[in-house]
Structures are given as structure tokens and as C-alpha cells.
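In the two complexes that follow, chain A is the common piece, with chain B as its partner first and chain C second.
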Partner chain A sequence: MAGILPSDPRPWPERRDAGLGNATMRTTIGVVTRRFSSGQRRVFHEYEEAEQARQVAVQAKRRAVRHMDQLIPKVRAKIESHGGQTYMAQDAREAVRLLVEIAQAHDVQTAIKTKSMLSEEIALNRGLEKAGITVVETDLGEYIIQRAHESPSHILAPAAHKNRTQIKRLLDDDARSVEMETPHSEEPADLTRFARSRLRREFLSADMGITGGNFLVAETGTLVLITNEGNADMVTSLPPVLVSIVGVEKVVETWDDLTYLIQQPAMNGIGQRLSSYTTLISGPRQPGMAEGAAEWHVVLVDNGRSSLQGTPFEDVLSCIRCGACLNVCPVFRQVGGHAYGGVYAGPIGIVETPLLTDLQVLPELPSVACTVCHACGEACPMDIDLPGHVLRLRKAKVARCIDHRSARWSYRLWSQVWSTSARYRRSLRLARIAQKLYLKNGQLKNAPGLAQGWFQSRDMPPIAPEMFHEWWQRTRGNAHGQQK
Partner chain B sequence: MARGGCTTEQVRLFATCLVDAFRPKVAIAAVNVLERNGVRVEFPAEQTCCGQFAFNAGYHHEAAMLARHFIEVFERGDSDIVALSGSCAAMVVHDYAQLVRDDALAHGASEAEATAWEHRAQHTADRIQELSQWLSQRMDDSQPQDKSTVMALHQGCHMRRVLKANAEPRAVLEHSGIDVMELEDADQCCGFGGTYSMTEWPVSTALADAKIGALLKAQDAGATALTSADLGCLLHLEGRLSRLNQTFRVMHVAEVLDSSGRTPPGTGRG
Partner chain C sequence: MDNRNNGTQVLVDEFKKRWSAAGGHIFEASGTDALGEAIGQAWQTLVGPPDNERNRSLVYWVNEDLRHLPWDVIFRGVGPILAYPWDPEADIRALTTAADLGMTGCAWAVAETGTVALAASKETGLLPSILPAAHLVLIHRRQIVRTVREGLLSLDHGVLPPILKLVTGPSMTADIEGTLVIGVHGPAKVGALLYDLPMPT
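Now for the complex of A and B:
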């Protein structure tokens, strides 16, 4: 079954041009992605066993994705044996409905939340707010963009498109709205100090905590949350009710598998050997325990994921949301995350968004947002064949006629003509005559058809007065190569 | 490197459509370099284009037509095929076998026919190398006397990541007396991407401008030209420079090797 994913209603050219025109964003994204990707290279270089561990992690994840159907009942039974409650949501709508019901059953006014891409995917905040529930993001980046009423622009660093001045301004407004002292300066330490005391109020007063999940271990029924701010510790221990929404692809089989996987998001995402905080939840508070939620609800969400099982795209489900592919992507660096128009930006986004929705949502992405440079394939720690999938999706679009008719005719004609040397040569000789219309100062300034796009911003040398095959014919005759 | 003796090495040249039509002097330079080293160059005259432009755009049946033509032209004979583009060589090496197999099956061929096409593609793929790859395997270990010419090198993405031939262009250039300068953010794509440069020209151009920014820094640091093993990237960057009324010398690796006079195998000229 296809999943439901939100998307920006603006067409790609508008989203793209907004990105290309945002100089601040392009600068900050450039700085962040360079830092993260060089960090990834450095940590693997410095740490010899890392590569071998990564390969074991890939195998563990592949196995889990293949056997999802068996692992899900297993993990549900385990969680329930610890006193947790589990649910299965087929799509985004069902997931939101389940969360609203849980919140309403407990008269929840305010919920606090850790960072979760799945919650963005199912548009959870909007759903809860519609039901009159206030949601407060507790990850600093998420908190910032929530103040700006924006969506994350980077899987790992949601506010990576903003600079300090912009962040200070948002937090100043926030401080005034709750009559708190504004941050002392634009320095990250001051901004963080403000957020810390600001969020403390929310942590202490919230009725419900909401988390995502990086991994869910079937063997032990343990949910694993990785953060760099420790906010997940607060969200999972302070409010009386805890709800975790977890994609079905997050289940891994054994604790041993987890030990290989747990370093991967931090090593590949930011170049750190382990995230600063790792929060493990195996059940609600048991008698005699000092902290923890009294109730723990785990909502497993499919939303199109199981439709990829057994297809050439199955490896996409191994994604651990580290963001390594975004950090090396040249297109991402130019247009930024919001241009993609979906929840997931960058190479994983242009593959996963159309795939989860049976090419219904943002099907243009694999064509417009990739130069096929293969940098993502090289960076992905889970060995997901991202460049291959981009090409497979482009092929699928042609097969399903989600392409432009004019483009189809161009490619068809071009290939037919060039599949014999006589026609290839004749077409170039004709073009050489016709190009005189577009020549200026020895350079081509325009051309018809597909090539028009080139000349919007670039010149081109004309077809040579003597092409190489003509030169060869003149100087070597038929000595070595025979012409038909 | 055989020279002057009984065996003469022979290669078949794949010029590529871009070199053939827009910059034939690249192929002439390659012929000069190879012949100067005693290599006998053959030019299979029926060659056209590898079909990557259609393949990358999703038109696999169209790409397969060109791939089958390429295979028919180049499968005869056992000598190496030397391609003047890393990207086209990568297409043949990495994509041909699957492409012609899938296309055969999709158009009613039997399993046996599809497998036959796959094998023919593989036979061709096993023989193709990009020029600097081919030359670097035949280099002696002598060092040039003078390395005063500084050039910036742009590594095409398919050369770098699909062929994984990241060291070869630098090695042959250095052997020919070129001081090779790495561009800032060298791992970033220049934005060419085949027909992506036409269909998504605003992003393609933004990437060209980023690359040109790095190039101008290299120029300040002493680089006198930009070189690459891929003409597509070079035409894209040169075309952008021209439109911006900027001039910077842009040369294919074959042109650099030819003009340097000292050819990579080193021993061939005597």
C-alpha cells in the first residue's frame, strides 16, 4: 500500500529558484555539509576497525529489513511483556489518529517531543494541534524551526539553513512572548543556554512525551534514541505518558546487531564516534523505579515501507537517517533542503519520497535534483544504491509516461539517428550548416530543442569545420578503419 | 611498453561524439601521443556515441540501440579500446551488460538471446579503458626534469567514482611534467550531468559557478589551465566562462600530454 507524505504545493522551478536565491542559506548549508562530510571521512580514517564494523552493520540492517514481517510480531510481544502497548498504523492518517486518541484518552494539553523525521512524514504536529494539543519540539534545531513555522531542511540538522543572527531573532521573539530574558548574544553557547532554561519549563509541565526511534531491538524490546542534546532523556522520563512512533524498518533483530549499528548515525552523520546521548527504553516505569513514564505506547508505522520489500528498492529501507548523502550532494548544497518540497531532502529524499508513495508525491525529484555524480552512493554507510535508484526511477517514469512528450520524441529521434554511422555523420553535417544561424564571435549562442537550456547560461564551440572522423578519413584514408 | 621490437601494441580509439564534433583536436592529440609511443592506433569508423545521454535520462530502450551499435562496432578484435572520456568508458564498463540484457528481455527476446547480448557487452566492456588509465599502466618510473607548468585538474564524477580511476590522470600529467593542482571542493560535481545541463540549467549553472569560483582561486595560486579527462565537463565550464566573458585556458588531458612533448610511457620516443 502506498504511503501518504506531505509536500510543498509550489512547483519545482519555484522551490528551486527560492533556494538558489537564498544566499544566507547557501552559505550556511555549505559550511555545515562540508564540516559533516569531512568529519565522516576523518572518523573512518582515524578509526581502523570502523569499516569492518560498518559492513557488519549493513548486513544486520539488510537482514532485518528482509525479515520485517517476522520481527514485528516479535518486538511487539516483547514490548507488551514489559507492560508497554503497541499499535500498527498502515499509513500516516492512521498513525496520527492513533496518537490523537492516546492523547485525548489522557486529557493531554501539552506534549513535548524529540526530533523525529517520521513525525514530520506523518505531519504529526499539525494533527495534534488540530485536536487542540500543543506540541513543543525539544531538539534545539527543531525548536528553532518550529518558532519560524518551517520544516526541517536537513535530516540531521533541521535548522542548518539558518545563521546565528536569524536564530537569535527567533529566540528573542520567543523570550519576549513568555517574558523571559533574551539570549545574551548570537554565540552558540548563549543561544543554547537560553533554549535550555526555556525548555526546562516545558519539560516540567508537559502531559505527554513523544519520541521517534532510531532502532527497535526485537530480541529485547528496546527502543534506542540517539541525541546530541540529552533532550530524549527528559522527554522519556518526565511526562506520565510516553508515546514512541517508529517506522517498521527500524526494527533490528538482536542486541548484537545493535552494537554494530549504534555508532553508524553519529559516525557517518557528523563524524563523531558515538552520539553524545543514547537513550534506551524497554518499558514503562516498573514498581521501585525512580523515573520513567507510567505508560508507554509504541506506534509502528508502515506508510508505504513494506511495499518496497522484495523489490530492487528494498535497500532504501536500510536508511538510518544519518544525512551523509545530503552532506556530499552537490545539488543539495546549491538548492538547500526546502527546495525538495518534501520531508526528506537530498539523495535519499529524491528516491524515497516517490517510492513510498508509488510515484504520486514529488515524482519530479529523481529527474530534476540529481546530476548522477554518485557522491551519495559513495557516502552512504548502509550501501544503499542511491545513484542506481535515481536511474531506475527515471526509467520507471519513462515507462509510466511521467515524462514530457517532447523530451520523449527528442531522445527517441536522437538515438535512432545515431544508431548508424551514416546517419550520425549526416546529422552532424546538417547541424554544421544549420548552426550558422546561432554563431556569434566564433561561439554558438543558441540552438533549438533540448539544447536550448544549455544556452540559457553557457556558450558552446561550433561543430568543427573538420570533425575527427573527417580528419581521420583525410589523413589516414581507409588504412585502419573501414567506413560503411 | 613494447618499443622498436617485434611486438607493436595496438589500440582502437573511441573518440566520443563530443570530441568528434566539437573538439576534434583532442582525438588528434591522443593519436599523436599514442603513435609517438609506438602504439598503432585504429579508428573504427562506424562508431557514434555510447548512449549515456539517453540512459541517464531514463530512456533505456533508446540507450540500448546505441549500446548495441557500439558493441557491434567494437566487439571485433581483441585489442584494447581507448576512450577519450572517463564518463563514456564508465557507461560501457558499468551499465552496458545489464542494459542490453534488460532491453532484449523487455522486447521479447529469449533468455538465451538476452544472455548472448550480455556476454557481447561484457566482452567489449572488459577491453575499454579511458586514455589516462591505459597510459598510466605503461608508464616507466622516470621523473620529468622540469615541473614548472601548473594546471588545475577536474576529475569527472564517473571517472572518480564509477571507474574509480582517481589517481591516473594526475599520474600521467605529473609524469609529463605538469604540476597538478587540486581544486577546492574537488569532489563536487561541476554540474554538467549530460542532458541535465540542458533540462535543469539553473542548478547546473549554479554548480558551474561554484566550480569556476574554485578555479579562480587555483588561478591566483598559479594554475595556468584547467584540464580533465572528460570533455563534457570542460565544455560546460568553458561555455560558462565564455558567457561570463572570462578567459581561462581549458585543455583535455590528451591535449596537455601532446603539447608537453614528454609522453607518459616515457620510453617511447627514442
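Now for the complex of A and C:
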């Protein structure tokens, strides 16, 4: 079954140009992506056993996504044996409905939340707010963009498109709305200090906590959450009710598998051996304890994932959301996350968004947002064949006639003409005459039809007065012989 | 015996290097008599000098091997501090929120990553490690293992604690313009106090 994913209604050229025109975003994205990707290289270089652990981790994830159907009942039974409750949602709508029901059953007014790409995917906050429940994002970057009613522009740096002045203004407004003193200055340290005390109030008073999950271990029923800020620790220890929404592909089989996987997000995402906080939840609070939620609900979400099982795209499900492919992508580094128009940006996004939705949502991405440079394929710690999938998706689109009719028509004509040498030669002779219309200072500046787009940012040398095959026919390669 | 000590020393050195690299402070005490002085140093570094305006406070629990010590006396030596032992029955959340320092023991620590593991239970709460602005963790030198994997496998994973937490450095963010800021929701300052006990003969 196809998943439901939100998308930006603006067409790609508009989204792309908005990204290219946002100087703040481009500066910050440049700094962040380069720091993260050089960090990834450095941490592996300095850490002898890391590469071996990574390979074991890849095998563990591959095994898990292949056997998802068996692992899901296993992990549900385990969590329930520890006193947790579990649910299965087939798509985004069902997942949101389940969360609203849980919140309403507990009279929840305010929920605090950790960063979760899945919650963006199912548009959870909108759903909860429609039901009258206030959701407060607690990851600093997410908190900032929530104030601006925007979506994240990088998996690990959601507010990378905002500068300090813009952020100060957003936090000033928020401070006034809750009658707090505004941040002292626009220095990142002062803005962060404000967010600490502002969100501390919410942590201590919220009725419900919502988390995503990096891994869910079937053998032990353990949810793993990774943060640098410590917000997941607050969200999992303070409110009386905890709800964790987890994609079905996050389930791994054994505790032993986890020991190889647990460092992968930090090593590949930010170039650290571990993030500041790794939190492992294995059940609700036990009698006599002063922390932890009294009730723990785990909502497993499919939303199109299981439709990839057994297809050539199955390895996409082993993504650990580290962001390594975004950080090295030359397209992402220029246009930033919002240009992609979906929840998932960068190489994984252009592959995953169309795949999860049976090519219904943002099917243009594999064609327009990839130069097939293969940098993502090299950076991906889970060895996902991202460049291969981009090409496979382009083929699938042609087979299913998804591209624009004029594009299809142009490509068909092109392939017909260039599939015999006689027609190929005739086409070039024709083009040599026709190019006179488009020549300027000895360079080809434009062309008719679909080829126009290609020339928007490039020139081309003109077709030579004598082409190679003409020269060959005349001389048979024997230039001297001809002179005799 | 010597080999074991050498092995421990290698792990301790690696832990100190990694924990410091992640932004943590290191304190050491050889024998229980030296603990008071080390905690005093940690207090100075993590919290600062005494404040005449108000009483400073801490919430604490320690590993079993240190529970017999006269903690009231030890803290009195550090300065005018209100020290609250971890007690899930008391209004511990408010006390911990107001505390200047959370002091805890740990389940184990990892040399290769500079990590400490805390397991939540009735006696060993995790709130002192996240709510106050500073956290000091007391680690017996022999609690240090080499890898995260070793630590995780040392747990009886048939009965895991409801919350297990791996701490590797202070709370931090780079969410504003990619600038690193220490101390977001959790503590801005974290210290590890490595101690040793005389071997029972």
C-alpha cells in the first residue's frame, strides 16, 4: 500500500530558485554540511575498528528489513510484556488518528516532543493541533522553525536556513506570548539560554511526551533515542504519558545487532563516536520510581514502507537518517532542504519520497535533483545504492509515462534519429545549418524546443565545419596520404 | 594482578582523553579519604565559589561501594551546601530542578568513546543527570570497559532497566547558524570523578 506524504505545491523551478536565492541558508548549509562530512571521514580514519563494525551493522539492518513481518509481532509482544502498549498504523492518517485518540483519552492539553522525521512525514503536529492539543517541539532547531511555521531544511540542522537576527525576532515574539523576558542579545549563546528556560517550563508541566526512535530492538523491546541536547531525556522522564512513533523499518532483531548500530548515527551524521545523549527505553516506570512515564505507547507506522520489501529498492529501508548523503550532495549543498518540497531532502529524499508513495508524490525529484555524481553512494554508511536507485527510478518513470508529454516526445524522437548512423549524420548536417540562428561570438547560445533549458546556464561549441566522421570518410585516417 | 592494574590504567587514560575531548572535566581520588577534596574541586569547577545570597544545593546518589561513607560530613567539608540524597518518595523533582549540581554513580563507563552509562531504578535516579546545570558522576576505575559493545553486553538484557542512558559530554547544540553552544536542556558542565578503593585482602 502506498504511503501518504505531504509536499510543497510549488513546482520544482520555483522551489529551486527560492533555495538558490536564500543567501542565509546557503551560507549555513555550506558550513554545516562540510563540517559534518569532514567529521565523518575523520572519525572513521582515527577509529580502527569502526569500519568493521559498520559492515556488521549494514548486515544487521539488511536482515531486519527483510524480516520486518516477523520482527514486528516479536517487538510488540516484548514491549507489551514490559507493560507498554503497541499499535500498528498502515498509513499517515491512521497514525495521526491513533495519537489523537491516545492524547484525548488522557485529557492532554500540551505535549512536548523530540525531533522525529516520521512525525513530519505524517504531519503529526497539524493533526494534534486540529484536535486542540498544543505541541511544543523541544529540539532547539525544531522549536525555532515551529515558531516560524516552517519545515526542517536539514535532518540534523532543521533551522539551518535562519540567521540569528531572524531567530531573535521569533523568540522575542514567543517570549512576549508567555510573558517571559526576551533573549538578551542575538548571540547564539543568549538565544540558547532563553530556549532552555522557556522550554524548561514546558518540560515540567506537559501532560504527554512524544518521541520518534532511532532503533527499536525486537529481542528486548528497547527504543533507542539519540540527541545532543538532552531533550529526549526530559521528554522520556518527565511527563506521565509517553508516546513513541516509530517507522516499521527501525526494528532491528537483537541486542547484539544494536551494539554495532548504536554508534552509526553519530559517527556518520556529525563525526562523533557517540552523541551527547543516547537514551534506551525498555518500558514504563516501575513502582517506586520517580521518573519515566507511567504509560508507554508505541505506534509503529508503515506508510508505504513494506511495499518496498522484496523489490530492488528494499535497501532504502535500512536508512538510519544520519544525513551523510545530504552533506556530500552537490545539489543539496546549493539548493538546501526546502527546494526538495518534501519531508526528506537530499539523495535519500529524492529516492524515498517517490518510492513510499508509488511515484505519486514529487516524482520529478530523481530526474531534476541529481547529477549522478555518486558522492552519496560513497558516503552512505548503510551502503544504500542511492545513485543506482536514481537511475532505476528514472527508468521506471519512463516505463510508466510519468514524465511530461513534451519530454517523452523529445526523447523518443532523439532515440529514433540517433539509433542509426545514417540518420545521426543527417541530423548533424541539418543542425550545422540550423545552428547559424543561435551562434554568438563563435559559441552556441541556444537551441529550439526542450533543449532551450539546457542552454539557460551553459554555452556549447558549435558543430565543426568538418565533423570527425566526415574527415574520416575523406581521408581514412591517412591525412598525409591525402596530401600526396 | 599487575597486568590487571596495567590494563585498568590503559582504560582510565583512554577514558580521560575521550571524556575531556567531548568537553567533560576529570577529577581523581585515590582512596576514600581523598574523595572529599576531589568533590570540593569538582564543586569549584562545575558550580563555582559559594554564594552568600542563597544556599547552594545538590541531589545525589552513589554506587553501592561508597554508600557506607559519612556523606553529610563530606559535603560539610565542601562548603555550606544543602545535600539531598536521592529519594523517590520526597518531592525529588522540585529539589532536583532547584539543585546546582546532580551527583550520581554509574553502571559502567566506556574508554573508547568517553561515555558513562546510567541505569534508572528506585535507588538510582536519572533526573540529577539532566535537570541541574551541572552533573558530576563518580566512577570506580574498574567500572571502565573498553567499548560500548562490551558495556551493553555486560547488562542482563533479559531484564533491562526502564531507562538506560549513555552520556558522552555536556548537552550541546549547533542549531543556530552552525555555532556550537554548550548547555541546552541538560547540564552545561559535566565532570567525571574517578576513584579507587583499597583492595579487600
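Observations on the model:
We adopt the following convention: the second predicted complex is superposed on the first by the 469 of 484 C-alpha atoms of A that agree within 3 Å, B and C clash if a C-alpha of one lies under 4 Å from a C-alpha of the other, contacts with A are read in each partner's own complex, and residues count from 1 in each chain.
The criterion applied here is as follows: a contact is a pair of C-beta atoms (placed from the backbone, for glycine too) under 8 Å apart; a residue touches a chain by one contact, two chains touch by 3 or more.
These figures come from a predicted structure and were not determined experimentally.
With the two structures aligned on chain A, chain B fits next to chain C without clashing. Of the two partner chains placed around the shared chain by superposition, chain B is the only one that A:G377 touches, whereas chain C remains out of contact. Look at A:V316: by the touch rule set out above, it reaches neither chain B nor chain C. By the touch criterion defined above, A:D459 reaches chain B but does not reach chain C. An angle of 120 degrees, to the nearest 10, separates chain B from chain C at the C-alpha centre of chain A in the overlay.
Look at A:L128: by the touch rule set out above, it reaches neither chain B nor chain C.
Of the two partner chains placed around the shared chain by superposition, neither chain B nor chain C is touched by A:V361.
Touch criterion met: A:L274 reaches chain C, while chain B stays clear of it. Contacts of A:V43 after superposition on the shared chain: neither chain B nor chain C is touched. By the touch criterion defined above, A:Q443 reaches chain B but does not reach chain C.
Shortest separation of chain B and chain C in the overlay equals 19 Å (C-alpha atoms, whole Å). Overlaid on A, the two complexes show chain B and chain C touching no common residue of chain A.
Note for the complex: chain B touches chain A at residues 15, 17, 19-24, 27-28, 40-49, 51, 53-60, 62-63, 65-66, 68-69, 73, 157-158, 161-162, 185, 187-189, 191-208, 210, 235-236, 238-240, 242-243. Chain A makes touch with chain C in their complex at residues 28, 31-32, 35, 49, 53, 82, 138-141, 144, 157-160, 162-164, 167, 188-189, 191-193, 195-196, 199-200, 203-204, 219-220, 222, 228-231, 233-234, 236-238, 255-256, 258-260, 262-263, 272-286, 288-292.
Interface of chain C with chain A (complex): residues 18, 22, 88, 92-93, 97, 112-115, 120-122, 125-127, 129-130, 147-149, 152-153, 157, 160-179, 181, 183-187. Those residues of chain A lying in contact with chain B across their complex are 13, 16-17, 20, 34, 328, 330-331, 333-335, 367-375, 377-378, 391, 393-398, 403, 407-408, 411-412, 414-416, 418-421, 424, 428, 431, 443, 450-454, 456-464, 466-473, 476, 480-484.
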